[in-house]
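Just so it is clear, A, B, C and D label the chains in written order, and each chain counts residues from 1 on its own.
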């Protein structure tokens, strides 16, 4: 049955017990994203620590990612996995991970995810076979990208 | 060949030598009609004589129909035939003839025109097989109807 | 219904006309298509009619004088006549659009066009101080165009609320529809709740204040006998693709007298009277509202769909769906952890059955159903404000049509229980 | 073209794909279809693709999560990609409309909608003092919508005149297109005269003054290679039904950046971001401009048409039509009493050949031609102001496509001579 390929245990675990959920302060940027086809929502905050002697740029470290959300197992789990993956990494690393995850999602089930980069997120490979669900898997990630760019912007002004 | 059924000699005669053509005065009503699919035009005037002791109503006599027009053989000939048929008749008679002619045009080649009423206009029976040409045959007739109703209206005011 | 009970619809015979229904999905599962509220499947009679048009009579209608153009024009206008008859109208009152959405926009744009035009069009003009009334259960197609009309003209949008059990709350109708109201626009039948709205009550009030009534009949014309003569509304909009017809064609019906007075929406060829470089005049309706080369093959296909439905009988279609809905409300509604959203009884209710399942998001539910071959729709079904009002993000909707059987409902119920097992929300 | 001459198109092979071409008209005459400028015939590959969609994958696109909806959405978006490739665009720049007329109206209405919206949309706003420039040879579809935009906003319409020999008179371009000009809209190729207009000259001037350029490509995209990358226009509109595709689908192409900035036209489902009762936000393009259930089967059919044309090669199609046109200009133009309306040489000229015959009204001429099986169009061809300018009420137009042969031209010439005999205007 294909369902099992999609709903891997890892996904259901994250769904039932989401990591890092809840909105926290301080934060440098916040983004609110909605999936217009189903109304699912996520509000996500990013807190960054500048690299020693640096500014809030690509080299900054993601100190925290916190979020509040409402949605299906795929969107919930992928946001939870995201926090595990990105907290403690640099913004540049995070963007690379985002790219790898986006690529996996667009692979129509043919992707060969790099487990070193994506860790638990490789579990979402099965989702890429269901085009209507890709948006679910990307919801939190898009919000993260947006929140980070707002954090960097703020510094820029 | 079906063409001969459509372009009866009578029609071609009227086309080459239209009767009563040219705009004349006095007139009681004038109408300008255009066929929007080909741009053909007719300007048609009606002059009425009230029935003895009466007003310009249904019983009035069509004293003159004059017109200026630009168009195909069918529209030219049918306007010419119209003048022959209606000049000298009462408005009520004219309206009846118009109805008979309209009915013939909508008969899709199945009509059995009443020669007593339609006289030369029976020659247009073949046109009813060509839906795109019905508007041509009716152009002058619609202008006549319009011009008459303007004449009567005027009296009414 | 007469004494003699209506002869039942022969679902198996009907299904044979729909090639797609014999295909399988997801690893060989029987296709259980329960998404006709979104779009219906098409019988071969419709596809054949469209193809026959293309292969025998195709030409630009109302533009040519040659034989093909004559035949194409005849076919197009005969289709209009058939479709008009289907809703008890005359053909001069039927305007073809690309879908119901365009039909509603046509009215809304004609009204804002009237606002910048001659005073003779004042009956269509709206502006600051004027009000437009919709309902909280509208499909976006009958909501957003009115928001935009208000935005363009300065009019105010107001709406009937929806009650917890999925009916319109008409308590304040006297105040809501008042002498400032210019338009009352609402759905004949909700695409989510299945609710059939009380047309007569609303129309009667609209008439008292002289407002125009726009009825979104997308979910009624395909599913029940509809006669515009009985409805007493001013405009009626529906889509061909939801009633066995092709995509790309919709209908706006209106009273002849209104169409004659109304300014055009989309402008271009075939809708004109006379064109000069700096000004134009308009053709009579329906042509006035059909700019450009129209979708004649689709009109022919839609007429074939009407013929198909008529040959079965709309009474019979409605009766069949009624029984399916009753069965589904019972079967699905009695599953533990399932809550029907919308009326739970079949009074004034059509065959859209929406529900939520405890602790399973509709997307996840839909995924399991799909895995079992059961094709339903999940989300807000283009009725986002209504979901918000009911405090639900999204629902799962099963919607029926004449080709659905009782086994389809059984498959739905079983798949819901499978999903509960899969996600461990029920033993 | 390279040294090696382009391999000629095999007309007989092509004709086999078009079932309608083997039918007869009027008492068994061979059908000589010379009205492709109005609408083209469709090869079975197109009809098959559309039918296959209906019979295998039909569902509402972009609205469902089940397998059919996925397949339908994939097919729809793959079609968009194919059609985008056909004109050298990327798929995010291709908006589906019901026909080219809607595409032009979309731009014109988006502009008047911008006029009542946020200042951020100022690049699309027009009002009193602003000017919109068209040409005297426009099809009503690219004229009336601009008249109406001016009527709604108070802007002024101006136009390039047409010369006696059927070319645009660009003498006053510097004055006509000036710093007040917001839009320049014109036909790539005239549907009556066949004239191919100098896009680059006009666009260059429009760029100098910052005006938007709208190109009506209805008669170019079907007949010659068109690459939006080379054209440097802002909007391009064409219809599927004129390029072997189904009715009911047209295309508006625009640069992504413009589409992203532009407000919507028709509003409703599937084009929204978030909907509240009193306000909405919009989806990204192209969805923003495609409200309602779209014409997915027609998009699939149009993509099949593009594939068909690509497999033959648009160079080859253009070359074939070029030779037919040359032959027709000679054959028809040399009949005594016949005058070609439009360029009499094939330089910058496509395959619409319009003409007048002394002392025979086009309606009467068309009737005789039709009697001989020769299907041409008569009238003003939705370019009434241009006819008025040239002092002609109506013309007769023969227009060619890849399935026309030299014998078709011979049949045309012979039928014209028959008409002259029939009406006694020539011995």
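The definition used in the following text is that a residue touches a chain if its C-beta (ideal position, glycine included) is under 8 Å from a C-beta of that chain, and two chains touch if they have at least 3 such contacts.
What you see is a predicted model; the values in this text were computed from it and never measured.
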Common contacts of subunit A and subunit D? C
Pick out whichever of the two, B-C or A-C, is joined by more C-beta pairs in contact. A-C
Can you compute the centre-to-centre distance for subunit B and subunit D, using the mean CA position of each chain? Integer Å is fine. 39
Approximately how many whole Å separate the CA-defined centres of subunit A and subunit B? 78
Where subunit B and subunit C are represented by their mean Cα positions, the distance between them in whole Å: 45
Note the residues in subunit A that touch 2 or more other chains, in rising order. 37, 130, 133
Set of subunit C residues in contact with two or more other chains: 26, 63-65, 69, 272, 274, 363, 367, 378-379, 384
Touching subunit A in the complex, subunit D uses residues 62-65, 69-70, 73-74, 272-274, 283
Using the touch rule from the top, collect the residues of subunit B that touch subunit C in their complex. 34, 36-37, 130-133
Subunit D-touching residues of subunit B, taken from the complex the two chains share: 1-3, 6-7, 12, 37-41, 70-74, 130, 133, 136
Please name which positions on subunit C make contact with subunit D in the complex. 19-20, 23, 25-26, 31, 33, 35, 38-39, 41-42, 47, 51, 54-60, 63-69, 98-102, 104-105, 109, 113, 116-117, 136, 139-145, 147-148, 151-152, 157, 159, 239, 241, 246-250, 266-270, 272, 274-280, 291-298, 363, 366-367, 369-370, 375-379, 382, 384-385, 388
For a test of understanding, state which residues of subunit D touch subunit B in their complex under the given definition. 26-27, 361-364, 367-368, 371, 378-380, 384, 387, 393-394, 422-423
